[in-house]
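First chain A sits with chain B, and in the next complex the same chain sits with chain C.
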Partner chain A sequence: MQARLSDKVQIQPAYLGKATIHVDAGLNRDVVRILLENDGNVGISAITGLDMGEKIGVMYHMRTDGLIVTVRTEVPKENPQIASITDLIPGANFHEREVADLFGIVFQGHPNPARLVLPDDWPANLYPLRKDAKLEEVTANVENCASCSAQHEPVQLQPQSEGKLVNIVVGPQHPALLEPEKFQIKVDGETVNDVEPRIGYVHRGVEKASEQRTYLQDVYLVERICGICNSCHAACFVETVEKIMSVEVPARAKYIRTIILELNRLHSHLLLLGHAGLEIGYETLFQYMWRDREPIMDLTEMLTGNRVISSAMTVGGVRRDLSETDVPKIKTRLEALMKKMDFYQKLYDSEPSFRMRTRKVGVLSKEDALRLCVVGPVARASGVNMDVRKDDPYEAYGEIPFKVITRTEGDTFARLQVRLDEITESINIIDYAVDHLPSGPYRIKVPRVVTAGEAVNRVEAPRGELFYYVKSNGTAYPERVKVRTPTFANIPAFIKTAIGGSIADVPANFVSLDPCFSCTDR
Partner chain B sequence: MLDFLLIFRVLVFPGFTFILFFTLFCDWVERKIEARMQNRVGPAVAGPAGILQPLADFIKLLTKEEIIPRDAKKNIFRIAPIIAFSVMVFAICFLPIDGSSAISMSGFTGDLIFIMALVTVANFFLFMSGWASSNPYGGIGAARVLTQFLGYDIPLFLLALTPAFLAGSLTISAIAASQYLPFILLAPWGFVLFIIALQAELEKDPFDIPHAESEVVGGLETEYCGGKLAFLHLTRDVQIVLGAALVVELFLGGPYGPVFFGLPAFWYSLWFVLKVLAVVIVTEYVTCLFARLRIDQVLTANWRMLLPLSVLSLALTVAMATYVYPMVV
Partner chain C sequence: MSKLATWARLKSPWVLHFNSGACNGCDIEVVALLTPRFDVERFGIKLEPSPRHADVLLTTGAVTKQCAERLKRIYDQMPEPKFVVAIGACACSGGVFKGNYTVAGGVDKVIPVNAYIPGCPPKPEAIIDGVVKLLNSLKAPKTEAKVNDSK
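Now for the complex of A and B:
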């Protein structure tokens, strides 16, 4: 690459924990293209905007072979223009729109540069994540924003037609949605023609808020991005900070973190599989799954003191040790769950109405999964072998044997089946981890002030790859925290799989992607 | 004197009051069974084992505020649930419960067809109630009720002819009385298919399309509250009792069973109640076992499977009754 782009490119291997390529503003497309030519499996993990005073940094975090390659470029603040890469990688679409909203960068050539996160009547020159955006101004705008108030535009209940197409607006307030988000579904008869998502209804400004809190406070803030995968957020954040500080956590802490993360995955998967049952009208399955999820919640409470938001992670280790007496309790509970899994597998294999509703519904091909850069069980159900735990091992995953579950069908059934199999794998991981728990301290003391530096980190959350970028300026407060949640990366998959399908399949299809709007928005 | 007896029979037993409380009881049984199958407790607070819960829910709804949407067709919105309920109860009054039905002692020729027609009318009023609410979900839910009903009415009727043919009569009391051997033994295929069609008729899983809350929220009930919602719920429960009672009359020998001592009417009522409960348990069991099908899958299942099968079932019954049973029985 150095040869082809001569001196305009600086490559810094092993920086940011991975590799970084510095390029001039005009060359970002070329670098991305070369990366794509080298490896067809390259995907984009995130695009980070960074206020650098006079300039705005734009970082494209590309994933390739278990590595994150960061393509880094800068644009002047007065005229923040950069060429869009959405035509090269369709998966960059929503990443670019988000950065455009929050940093005011114009992505030239973007197919649909409409607002994604901010309200429609947000002032044109106020970009919340820029450092010069006044906090009072942002809050005042949120409070006065007409489209955020309850009086604005009565909910359009009657479908509007547009020629042959009927426009169905689902949300932001809709009885079938558990959280607020808007989907404009264009329907031709019973067939879905197009889906236009509009997110940001539960945007809480976590990225901005974390800049005003200390690193330690941020651990508890990022946990609240998503109630379900809370431990993953906390773990990903503390790992990033530890990377910046070059802290090596004790081996025992790594194992305990692994156990908590896997418990988190178990509870998330069971919750989703039960919820999927509810969406297709299989109430019995829902009740069974959620009953079997209870012991996992109890285990989480036993280990961390909390049922849901575990607050177990801290910079330098975990906050509680795992006592010897807990081990047999963990083992018996998991053994009982393992027996139940056989029953569910039998149900998945033979229940006709369940299979009729989920098989060949919302098919996502492997090529599309790669092009749209989807992550987690959704990608694995389409035959993409990607799992951060294997590709880029963190915590104790490098030492624990486990399989990455993939399937080739790519339909709703496969996405649920992948999660069902992952539950079994998770149980085995926890089993192995408690058997091989190293002795020693479970946390080390680290200074409150973080050395200047930056790092990216990934964690395999239950819903897929979770990405964090943290930049430290040498104080107790981070300069920038970027969070890219797996649900955000999976929105394109929903659009792709819904189009061409029946409108009655939308709920089943949607739920198989494990939607979570509060973490999509952050 | 005769008038007084008639009023008692219609209003108290086996008429309105009996049907009302029996319906609430069946609702409790249903909820309890569903809960136990799903590893839950179910109603447990009101009365012993929560037996008064359906009554408590009903009274609670009656005390709630009545809200009528601005755009609703107000009169239809108000009366449609009550008419639907009344028609269902009226239909049950023609079924022999304690040996004879509430309204006429021995029914009249062709009252099977009359009752099936009443079921259709009641379903039509349910559709009207959803349609009158002028809410898209109510409208879609109502349209789904009708779509599904149109699909299952024909097979259900064809299957109801199976016992009618075996008994050689279209009068329900005659069909019930002629079952020395319950028709479930003579035409088990008809019974199984009838239960399947009934499952769709009663809008229960795997055919509860009109209640798909992830798609149509509350279906036709979306805009209803207070007393009208109470009546809609009650209509649904009465519909289940009516469906189960039809199965009992057509396939399980009606209210007839061994009389041990005392009044036959007492024993007949007891047998009737027990048989209806058995059918309710079966339908609830099926409900718990399946996921909801998609509306196109339901309609395909109906037209491609259930309709031909019910024709076949009728043909098989005719053949068996003509050539096989005379030699055996």
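Now for the complex of A and C:
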């Protein structure tokens, strides 16, 4: 790499992932191209914008061999322009649109530079994540709800047609969506021709808010990004901060964190598999799955004090110890769940209506999965062997034996089956962690002021790779917190798999990607 | 006749759930209400997908700018008499997101609210309690008037 670009790049090994490559703004495409030529499995994890005063830093966090390589460049704030890499990696599409929204960087050559996360009536030339953005007026307007009093236009009842295509608008409020989000689905007869998502309905500005709170407050803020994978957010954030401070967490804390993270995965997968049952019109499966999810919620409540938002993680360890008396309770509940899994497996294998609704529906090939840089169970169902727990072990995952579940079909069934198998793996992981729980302290005291520095970190959330970048300026408040959630990375897969399929298959296909818009929008 | 209407309303309130920018924490607890352990259908409560058929609007989330107008529109579409329950700290006051640049901070900034259920997220038991309290308050016509006048 150094040889091919000679003195134009600087490579800093073992910084922000495996290495950081500093390049001039014009060279970002060349570096990405070389990375792609070296390894066909290169994906993009995130694009981070960073306000550096006169300039705006742009960081491309690329995934090679399961590890992160950061390509770093800068553009002037006056004229922030940079060449788009979407044509090289289609998966960069949404990442670039997000940075364009929040930092005002113009990605030249981007196929669709439309607004993605900010509200429709957001003022032009106001970029919320820039440090000098004047947000007071906007915030006051929102709080007084200035736009709500205005008379709204009558709802258009007739779907708009464009020639042969019929435009079906799903959302923002729709029975099939638990969350407010809008999808414009263009159909030709029964066949889906195009899907245009409009996300941003749940954009709460968490990244900006985290800069105004202390690190300790941020732990509670970031875990409220998503109520489903909340522990993953908290764990990823505290690990990033611990990396900056070079703090080594006690072994017991690592194991307790692992148990809580896996409980989180269990409840999330059961929730999703139940929801999938609902979407394919199999309500009994939904009721069964959610019934069996309740003991997991009980365990989370027993260990952390709350059913959903657990607030278990803190910088330097966990907030509660796991007592000896909890162990048998964990074991009996997990054993009971394990027995139920056989039943579900049998149902998956033999239930004809289930198979008809899911087999060969929304197929995502391995090539497309790599090109679109999808993560988590969606990628694994298409045959991409990626799991942060194995690739870049964190907490106690390096010491615990488990299998990474992959399948090759890439259809809706495979995506659900991967999750079903992962439930079994998760139960085994918790079982092992409880048996091998080390003694010692469960947290250590760390200073509230974090040393200056920056770090990236990843956690395998139930939906896939969760990415955090934190930059500290030596105070009690972070300078920048970047969150790239797995669902954000998986949205392109929905567009890809829905096109060409039947409109009736859209719900089943969509839910198999495990969408979560509170994560997507932040 | 009004007695009959009140009776019908009490015995089978149809609820509509709208997420106005929540973290999903409250939403999964609302869904958990319908599942075997909590089973709110024993109170006659039924989750209804259309605002035009709903009596009670269960709202979660801190109300983002993008959702505020939609929330108002959904409220306007509901037939009278209608009741709004704000579920969770965010829906009550904005919670941790208060003061963010796209967050209005509370459902009552946009539409009148009849019952607040705090918690982050509230336990399903708390939500059931809140909804049942709201229903009980409708029993006496006097209280009903009070509830409506308070906003």
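One rule holds for everything that comes next: the second predicted complex is superposed on the first by the 500 of 522 C-alpha atoms of A that agree within 3 Å, B and C clash if a C-alpha of one lies under 4 Å from a C-alpha of the other, contacts with A are read in each partner's own complex, and residues count from 1 in each chain.
By definition in this document, a residue touches a chain if its C-beta (ideal position, glycine included) is under 8 Å from a C-beta of that chain, and two chains touch if they have at least 3 such contacts.
No experiment lies behind these values; they were computed from the predicted model shown.
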Chain B versus chain C, judged by how many residues of chain A each one touches: C
Touching partner for A:Leu285 - first (chain B), second (chain C), both, neither: first
Touched partner set for A:Gly277, first chain B, second chain C, both or neither: first
First, second, both or neither for A:Phe354, with chain B first and chain C second: first
Chain B and chain C contact sites that coincide on chain A, given as residue numbers: 175, 287, 291
Chain A residues touching chain B - in the complex, by the definition given at the top: 157-159, 175-176, 190, 277-285, 287-288, 291, 351-354, 356-357, 502, 504-505, 507
Footprint of chain C on chain A - complex, ascending: 118-121, 128, 135, 138-139, 142-145, 147-148, 152, 155, 172-175, 178-180, 200-206, 208-209, 220-221, 224-228, 230, 271, 286-287, 290-291, 293-294, 297, 307-309, 516, 518
Chain B to chain A touching residues, read off their complex: 34, 37-40, 135-137, 205-206, 208, 212-215, 217-218, 288-297
Of chain C, residues touching chain A in the complex: 17-29, 31-32, 35-37, 49-51, 61-62, 64-70, 72-74, 95-97, 99-105, 109-110, 120-121, 123
